[in-house]
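Both complexes below contain chain A, partnered by chain B and then by chain C.
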Partner chain A sequence: MTTPSVRVFHKLEGLFSIYKPPGVHWKLVRDTVETNLLKGINAAPPPGPRQRVQFLAEPTSVMAEGSSELTLSAASVPALAHHPLVSGPEFQHIGVGVGHRLDVFSSGVLVLGVGQANKALTDLYRSHVTRDYTLEGELGMATDNFSHTGRLIERTTYDHITRDKLERVLAMMQGSNQKALLTYSKVDMSTQEAYELAVKGELRPDGKSPPIMTGLRLLHFQPPHFTLEVQCLNETQRYLCRILHEVGLELRSTAVCKGVRRTRDGPFTIQHALTHQHWTSPDVIQAIRQYRSSRKAGKAKHTQPGKDTGTASQRQEMAEEAAVTGDSHRLLSVLTSKAFGS
Partner chain B sequence: MSLAYLRLCTQHRLALGARGYATPTNDPRSRELKDEGPVFQYVGKQRKPNHKVFVWGFSYTGALGIPSFVVPDSGRKKPRKYQLTPYRLETEQQISSAACGYGFTLLSSSTKDLTKVWGMGLNRDSQLGFQRTQQDRHKSYDYVLEPSSVPLPLARPQQTRVVQVACGRAHSLVLTDSEGVFSLGNNAYGQCGRKMVEDEVYSASHIIHKMEGFDNPVTQVVCGQDHSLFLTETGKVYACGWGADGQTGLGHHNMCARPVAVGGDLAGVKVQQVTTYGDCSMAVSQDGQLYGWGNSEYLQLSSVTEATQINSPRLLPFEGVGKVTQVACGGTQVAILNERGEVFVWGYGILGKGPNLSESQTPELVPPTLFGRSEFNPAVTVSRIHCGLNHFAAVTDRGELFVWGKNVRGCLGIGKKEDQYFPWRVTVPGHVVDVACGVDHMVALVKSVI
Partner chain C sequence: MVSYQNPLSHQLRDGGMLLKEWQTALGTNATPVHTHTHSGHFYLIFLSSPDLDDAPGHSALEEISHEEAVRMDIPAALPPVSISLKDYVNESETLSKLVQLGVQLWKLEQRPNVGSMLLRLDFQTDVTPRLVFLKQLGVEDSRLGYLISHNPFILTESLENLQARVAYLRSKKFSAESVASMVSRAPYLLNFSVKRMDNRLGFYQQQLGLSAQKTRDVVVRLPRLLCGSLEPVKENLKICKLEMGFRENELQHIVTVIPKVLTANKRKLTQIFDYIHNTMNIPHDLIVKFPQVLNAKYLRIKERHLFLQYLDKAQYDPAKPNYICLDKLVSLPDEAFCTEVASATLKDFELFQKTM
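For the complex of A and B:
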């Protein structure tokens, strides 16, 4: 019997993204979201009290009449076994899964899935989608854990660094990463197929590979602060902090990471990520619905030449389509399948 | 003393133990307030980038200039026959021009010091000049394993600068800024621009000939297999040497022992660049037109003629390639670069568009995405192209080196011995400024990033 709580739970089964604030463990975030969703689910009005028929013995006025007949009368009696005050709230635990994790220092898009959508989450996790990060760096310091919260090891000068030199170093790093993309793709380079994939830019590592940056760009440079935009595969946030440290070393100085912010995880961008105030069930239901409709619109755009809504979104679509391998075609179909009642 | 040390240790432990754990006070504000500790300066503000030379390929001829590859330092080490990845070559001066011949290399610096040109590799035809042996002062080394000075007979050695060097199969050309062109090496076909002497012995020869016969100063020299091409200031092309394939472009198939002006379709045309390495020659005019002559057995000039030897320059009109700025031709293939930074290839062999394309009569565009153009870097273009005998090299404006073609004895420098069918990056630590391609080895002039 589907109670209103169960109906709310079904509406909540889907993938959505939240904005994880820095300085808090991802598990805490996941637990908070689960608690809020449970509150929302259990806040649904409980079903009306069920009645059951109980046969009551007729009260005999005369005790010592000696009649052997037992007269019963039917009465509708409320059944209290499933009353929430007796058995507790209907949902005490829901499965909320997390996609690519973020460590305590970082912030940004964190993809969560509820219930049946956790299967799609595993598919998303395994498919080789790329992720976008914005890294804030500061020149002139080196610490033991590559971030500004670590123990200071060395301080260096940075007045010789210009924007041009930084861009040259980034170009060199990007070149070596692009070569790594081709090398780890495990395709025989002497085939025509390898050439065609390389021309389209689709030669990517399929299985395990070390972290590779598919795109690297300098957004903002004001010594000692600078901001990089990175698009990467198979990375960890600590690796990204280490990248900033290595940029500092290449420039004959040192650098630390002041902030790591994930702006995109596969098809989930930061514009639609829910902030702390919106970690409630109505907002989550709306986010799931919005994501599903955008996927449907995306699929429709696939079949016909879509309008250019802007370079950023076009780049995101292109990057998404280029980055997502065969695995995620299955992901797309799972996300928009009938399992979610769409 | 040990007692005092023990006490220090226990005190330290007590300090930790008071709180039960040790938390570093890493408030950035407190760090700024502290402001203690030294600040290291590794590089000053006026630092200029270092210029370096990298070599790779077949080393047994000594063409790489690293003696320990051929004659190891210790008896336990084995000689290194192929250097498959770029290896740093230490040079005394900053090298401004390099050229790779057939088993030898010339490096030149634009310095005013007495030693301006160094050569290494094969010296059987004295293409590196006379390299006096230690034992006998009348004998010259046949294989020079280290960059050794080439004794140029300059009239004003402390004022003249060497602008460019070029190497062919067994001869070399050195271009200076005020004293013209010097040629050395084999002259069996007149490629050194001097009269051929019957039964001349070229090994241990002291002859370095100062070339005459140009009406204007020479601005560029290139060597083919057994012929030489010169470009003067006025845009005129001169040729001398072996002409059986018509590669001299002088209208005949004979040898020529002195530089003669080239006519044909090039008459009156201002040429900006000439190139050759095998038996086919090409030139680009200042208005972006392409001219070719010489061997056409591999479809290099098949777009205008069916003949396999063309002894007079012909205009090669191609649509869709835009204004040509550079051309490079190898033994069997040709590549051009247009002003938009696009590379077109044609000819025979591994052209760079996969294993399926092995010959083409008309220029084929090599997709710019293979040179690193992507949505993150939409403006990457190729700035220089060069050809070895069987391979190509392209340098982009971001300082990356791409190579493709037949990997003859590891000449591509990509770490493996297999052929490469489409452009592949060579990992060089720095910003590649220029590259010289030979038959089985390459030299790259690299600038450090900082």
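For the complex of A and C:
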């Protein structure tokens, strides 16, 4: 039976991204969003009161012959058993799933899914999406948990570090990561198709892999503070803090991480992420609609004149789209076919 | 899952007929076997289990008259044990009247033993006198539902105790309106003994060093101070004096303006104070002037302060120009804060929030 609450719930079933503020556990964020969505769903007007029929005996006038007839009259009485105060609100729990988690120290885009969209969420994360992070670092300190909130272990000088040296170190790290990517993607590098993929930067690991950075760039350098932009796969935020620490070590100094901020998680960018004052059902419904329309626009652009639907790059994009829209058949066919040549 | 014994059996007996009554009725009206009434034959079906010690009654397939069948009142088949009150609400006068008052039965039935207790209450003898008492006290009709939803045990507290506690509060010079307001905002208040309330009032007056009138004001503002345990309050007071370094008179002023500081979460309170005092560099006397900052959310203060710092407007010293009032920093809604205090748009503030 579709009551207004159920209709609102169906509108809420989808994927959307929120901006997680630093210093809060992701579970608290997920619980807050679930509570707000439940408030929105249960605010819809409840279905009308149900009636039940009760038979009441009515004494009738005694007829002259002496035989009295008893009749029963039917009365429609409200049935309180289905009143919202007795049975509770219609929705007391909804399943809100979280995508790739963010630890307490980090902030940034966190993808959430409601109801049926949780299946699309698992597909999305199995399809090796990349994520963009902005890391803020500070030279001259080393702590036990690689971030500035940890216990200080050592202090070093950093006057000898120049932008040039830092960029050289980053290039070296990027090179080693690229080699790791080639190894884990199990691609035969002597084929033309593999070369084209590598040139476009669309190689992906096949199956499980350790954290790999596909892109690394220095955004801002003002000693002792510097900012890096990283694109990576299969990472954890602690791994990224360790990267900063290793950058410091390579430069014969030390560095700690002052902030980890995720700016993109697969197809979800920071531009459309909802800040905490917008974690309510009307804003979430709008975000879901916006995401769906942007995916449809992207699909229309790609599946235009279907001459070359066989190339691996398009297959990769189709895989991502298929994962997101929850189309498991297409996803399976794409991933099991020999997508990477040879 | 809580099981209820069926306490409505006495009500069933009022509504329906006992087995023995049916048997006597059958005895007077029953005529020998083939009675052809104009409406045919009717059979009596026993719903309750027959008492085995009784003399063998009439069989279940006895023919009875049409009038007899229609006059029979078949009691509702209530389950003897249930996990939910919705099975009994249609038949129980108490429960249906409570629903009409606005009591949230679905929450109460989750608490252990509360459902059985409510079913056993009789509306006329138990519930009505207490509702009348609360109304006479001055509690609004619309608040009665809230009160009973949070404290159903007020319906089992003896009337003498309730009256004694109200008399005690009146004797401590709380006005009638303030007593009514305290009872509607702290539903458990009247379940506590006079000795316990006296103990707490004495504690607050002694520890805070406030006059009797000011203590009364604080308690009327936050009546749950009289309900809860005193240990968290003692710890909060210790934190304010030792860790934060507030003086006696400063603490008195803070508590009179924001009594919630006494029951606030210790960790959150210290986190906010640490940020305000050490990061925003606001001195003690300014915090005492605007104690609302201690009641605000940490994330809100942090975001707004960093936004003002980014715009080079973070100046909280009243002596210097372009001073930002702490009260406005914390209590204005986002839109008003952006336009009045930061002179920026809401969109800018949201973009800044995403860079934190």
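Everything that follows uses one rule, which is that the second predicted complex is superposed on the first by the 274 of 342 C-alpha atoms of A that agree within 3 Å, B and C clash if a C-alpha of one lies under 4 Å from a C-alpha of the other, contacts with A are read in each partner's own complex, and residues count from 1 in each chain.
Here, a residue touches a chain if its C-beta (ideal position, glycine included) is under 8 Å from a C-beta of that chain, and two chains touch if they have at least 3 such contacts.
Predicted model only: the values in this text are computed from it and were never measured.
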item	value
Broader residue contact with chain A after superposition on the shared chain, chain B or chain C	B
Touched partner set for A:His148, first chain B, second chain C, both or neither	first
First (chain B), second (chain C), both or neither touched by A:Gly88	second
Touched partner set for A:Met189, first chain B, second chain C, both or neither	first
Touching partner for A:Ser253 - first (chain B), second (chain C), both, neither	first
First, second, both or neither for A:Asp164, with chain B first and chain C second	neither
Touching residues (chain side chain B, partner chain A) in the complex	24, 26, 28, 31, 37-45, 47, 353-356, 367, 369-370, 372, 374-377, 398-400, 418-422, 424-425, 427, 431, 449-450
Contacting residues of chain C [partner chain A, same complex]	66-67, 70-71, 73, 84-87, 89-90, 95-96, 99, 102-107, 298-299, 303, 334, 350, 353-356
Complex interface listing, chain A residues touching chain C	19, 21-24, 52, 57, 68-72, 79-88, 107, 261, 270, 273, 275-277
Chain B-facing residues of chain A, complex	140, 148-152, 154-157, 159-160, 165, 168-169, 171-172, 174-176, 178-179, 182, 189-192, 194-196, 198-201, 214-217, 231, 250-253, 315, 318-319
